[in-house]
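Below are structures written as structure tokens.
In what comes next, subunit A is part of two complexes: it sits with subunit B in the first one and with subunit C in the second one.
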Partner chain A sequence: MSYLSKVRAIVWKDVRAELRTKDILSSMLVFAGLTVLIFQFAFDLRASVIQLVLPGVLWIAITFAGVLGLNRSFVLEQDRGSMEGLLMAPMDRSAIYFGKLIGNLLFIFAVELVLLPLMTVLYNMSLLSPSILLVVFLGTIGYAAVGTLFAALSINTRAREVMLPILLFPVMIPVFVAGVQATARLLDGESLAEIARWVQLLLAYDGIFIAAAMILFDYVVEE
Partner chain B sequence: MTAHKRSGRETFWMVFTGITGVLILIGVYMSLIWAPTALNLPTVNEQLAQRVFYFHVSAGWVGYVAFGVTAVASVLYLIKRSRRFDNLAVSSAEIGVVFTAANLVSGSIWARPTWNTWWTWDDPRLTLAAIVLMVYIAYLMLRNAIDDPERKARLASIYGIVGFISVPLSFVSVRIWRTIHPAVIGTASASSQGGFDMSGNMVITLLFSIFTFSLLYFVLLHYRLCLEDQRVELEEYKMAVMADS
Partner chain C sequence: MIAIEKLIKAFGRKPVLKGIDLSVPAGQSVALFGPNGAGKTTLIRIIAGLSKHTSGSVKLGGQEVQQAGHGLRRHIGFVSHNPLLYDSLTAEENLIFFGRLYEVPELSQRINVVLDRVGLLHRRKDLVRTFSRGMIQRLTIARSILHNPPILLLDEPDTGLDQQAADMLRGLLLDIGASDRTVLLTTHNLERGLEWADRALILNGGKIRYDSLTDNLTPAEFRQVYTDVVATVPTIGKEPASS
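Right after this comes the complex of A and B.
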């Protein structure tokens, strides 16, 4: 089997398992929806124009729902006892990382596919422009790249699920700042060229952390 | 107790600690009394508060150096797998957290009379210090959540490396974040924001303060490393006692 088909096998395994139970996707979707709902009440009457704070709400919903999915990706393997099997498979460990990363990305993208039209309808804003989709796409990759590494790391701690957001949020701040700023500026009518610096930052973040995680993942699953 | 004879190394560190203590006292004198007052600042309160600057910058400096040491020690741990490097990483991270916190608190004390607020999100350095502090608090929490020493060292090293890589990216993000935004705090002149001209004696005081804080870092690091060694030794004795009984 080539490297790519090994990665594809892991992705397909996760997707198939998920499609049988739909546990992760459904909880991520409901949680993202609830986040938007809660923020509606948090800002109502205080922020006179709710549209102004929406980019932040969008990214918080993505971030929070994303943590749920990221956590499950390795916790499930550990609970089923299938982590050992995965590690014993004759392949480079980084293939496991990329398989898990792509699986997590697919789940988060699926949530965004519902979240973006939903917020577009609820708040009458055009979140479905190609530029915004690009920013969301790049931001999600960086978030999931670090998130997948830390998810594998946090299953080895006593607190498990609780540990992941604590580890992840301080490190993903560049993604969050860039995502919120770029989305807000695009909504204000600026062009992609005008927010080029944010896009560059997201690209740099994605590249640096995918490379770092690829190297470091070996050390996480060493046992 | 009486049988214990001091080794040359211990004597060296006792003398080094003593010298550092004296130098810090001199640094306090220099910053509070000897250094000239920043006369261009409009009010007496601002002029007095400006003197926290020497400790403030020095604490920030030690914080970042300490986190850099943690990152290097983390890389070395993953390569060499020696507990010494892990001890160095955690010791340095703890000291870094304390000094970064001191940097933030002294910055707040300075900001109150000068910027008329304890905190502002408009200063990239302030925001960055808060982010970095959170990264290394998370690092220490991660360590607390793992029992097995080898696993703790390995996973903490990974986080120490990723966390350190994120710092420049965070810096870039908060820089762009605030440079395209209008500055809320007076854009008029530097002195209205608490800026001041550094005269010769001020520079000397600052450099001296950074120097003494760096010495303090080494002193604290030394004792923290000794503590860690003793902890390991204690664990070994405990294991031996348990094996005997």
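Right after this comes the complex of A and C.
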């Protein structure tokens, strides 16, 4: 309970600070919206093409907008020197990871809450089915799990804003591939049972990287 | 309370601390002086568990810092160059956050007590970003004593403070000192450090070069000692690589 209460305290602090400044959410929302609009103009999307590119556009928007939020979550701690305050607290340091992970997930989910209806309207194709929502949910967890770990790793590097995507994108290729494939097949009319292997891949990825991050986080943040 | 033996710290091949031996009994206030680059911050960070030492031993209350569990951090209050506060939260919210991390019992009452002690009770609902440097430093002290730690590590707590804020900090530290806490602080202000502490140390060239109680030490005498020590022993940055 004590561990969970500390995770909750970190989430509470991040959400409360974000609701005041809107530093992270505003940049993620604007970036996601612009990405979707740029693809709309770039491909001059017609009905026959939409179904082919829509899953890719969705996951690119989530990935690019997400990396902004992941970067900011630890950069803000580092720039204000408050990371030391977290490291000094009497708790297993994995609590910092889980607090940050849940905060990042909440911010990315908030962006998706706007992004999915926006794309549904713009492309006239529903992305709001329970199956697609499940795939987006699982993919986002995997993405944020790795992203939170790598964001902590990159804050002490010189080119940290660039370093995170360089580290993160290659490792999250399985999430991207599984997310795009699962979304595309669901849009093609396949059932959740028929895309089970992609969902299983997302589940496995989520489990492996959350467990790995829990073990590695202490080494990542120590001097 | 703090026991350090043969402490060595090197960054890569560059030694910063070259064999520190120091024992600070419970309840003693120690001021650590030294020029920039002498290793004061490094020493404080090692004692706080924020940095790992290369060799030697650092014990707090008999427990080795690097091997003890995270519970040991509950016994330390830490003030660093950075306030470790969130400027988009109010003073009260900052203390609520840290109070939850340290599992402070009867948190709201304790927050009122420490805010009152640093003279910020009337500003508890204000965002930290609206605070002056002196107020931020007072809130930083409040954060560091919130969980009532027996050991306080203060790294240049007076940096950037005007005279009025420094006087307030002095009152706070004397108050804290009277409460039987072990205090280790660093400062560049020799007079202030002597006034605040029971014992003065000068760190230079990676070693403690001077160690004396402050009882019979006048500021003028100490300034002369400090000048002599700093002049005769090169700081780490000035040392030849071969030494």
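Basically, the second predicted complex is superposed on the first by the 218 of 223 C-alpha atoms of A that agree within 3 Å, B and C clash if a C-alpha of one lies under 4 Å from a C-alpha of the other, contacts with A are read in each partner's own complex, and residues count from 1 in each chain.
We take it that a residue touches a chain if its C-beta (ideal position, glycine included) is under 8 Å from a C-beta of that chain, and two chains touch if they have at least 3 such contacts.
These figures come from a predicted structure and were not determined experimentally.
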item	value
Touching partner for A:Ala89 - first (subunit B), second (subunit C), both, neither	second
Partner chain in contact with A:Pro170 - subunit B first, subunit C second, else both or neither	first
Partner chain in contact with A:Ala178 - subunit B first, subunit C second, else both or neither	first
A:Val36 touches, of subunit B and subunit C: first, second, both or neither?	neither
First (subunit B), second (subunit C), both or neither touched by A:Leu68	neither
Broader residue contact with subunit A after superposition on the shared chain, subunit B or subunit C	B
Touched partner set for A:Thr21, first subunit B, second subunit C, both or neither	second
Which superposed partner A:Trp12 touches (first subunit B, second subunit C, both, neither)	second
First, second, both or neither for A:Leu186, with subunit B first and subunit C second	neither
First, second, both or neither for A:Val146, with subunit B first and subunit C second	first
Overlapping contact positions on subunit A, where the subunit C interface meets the subunit B interface	222-223
Subunit A partner contacts - residues on subunit C that touch it in the complex	45, 48-52, 70-74, 76, 78, 80-89, 93, 97-98, 100-103, 127, 143
Sites on subunit B touched by subunit A in the complex	78, 131, 134-135, 138, 141-142, 145-147, 151, 154-155, 157-159, 161-163, 165-166, 169-170, 172-174, 176-177
Residues of subunit A that touch subunit C when the two form their complex	2, 5-6, 8-10, 12-13, 16-17, 20-21, 80-82, 84-93, 222-223
Partner subunit B, residues of subunit A touching it in the complex	146, 149-150, 153, 156-159, 163, 166-167, 169-174, 177-178, 181, 197-198, 201, 204-205, 208-209, 212-213, 216, 219-220, 222-223
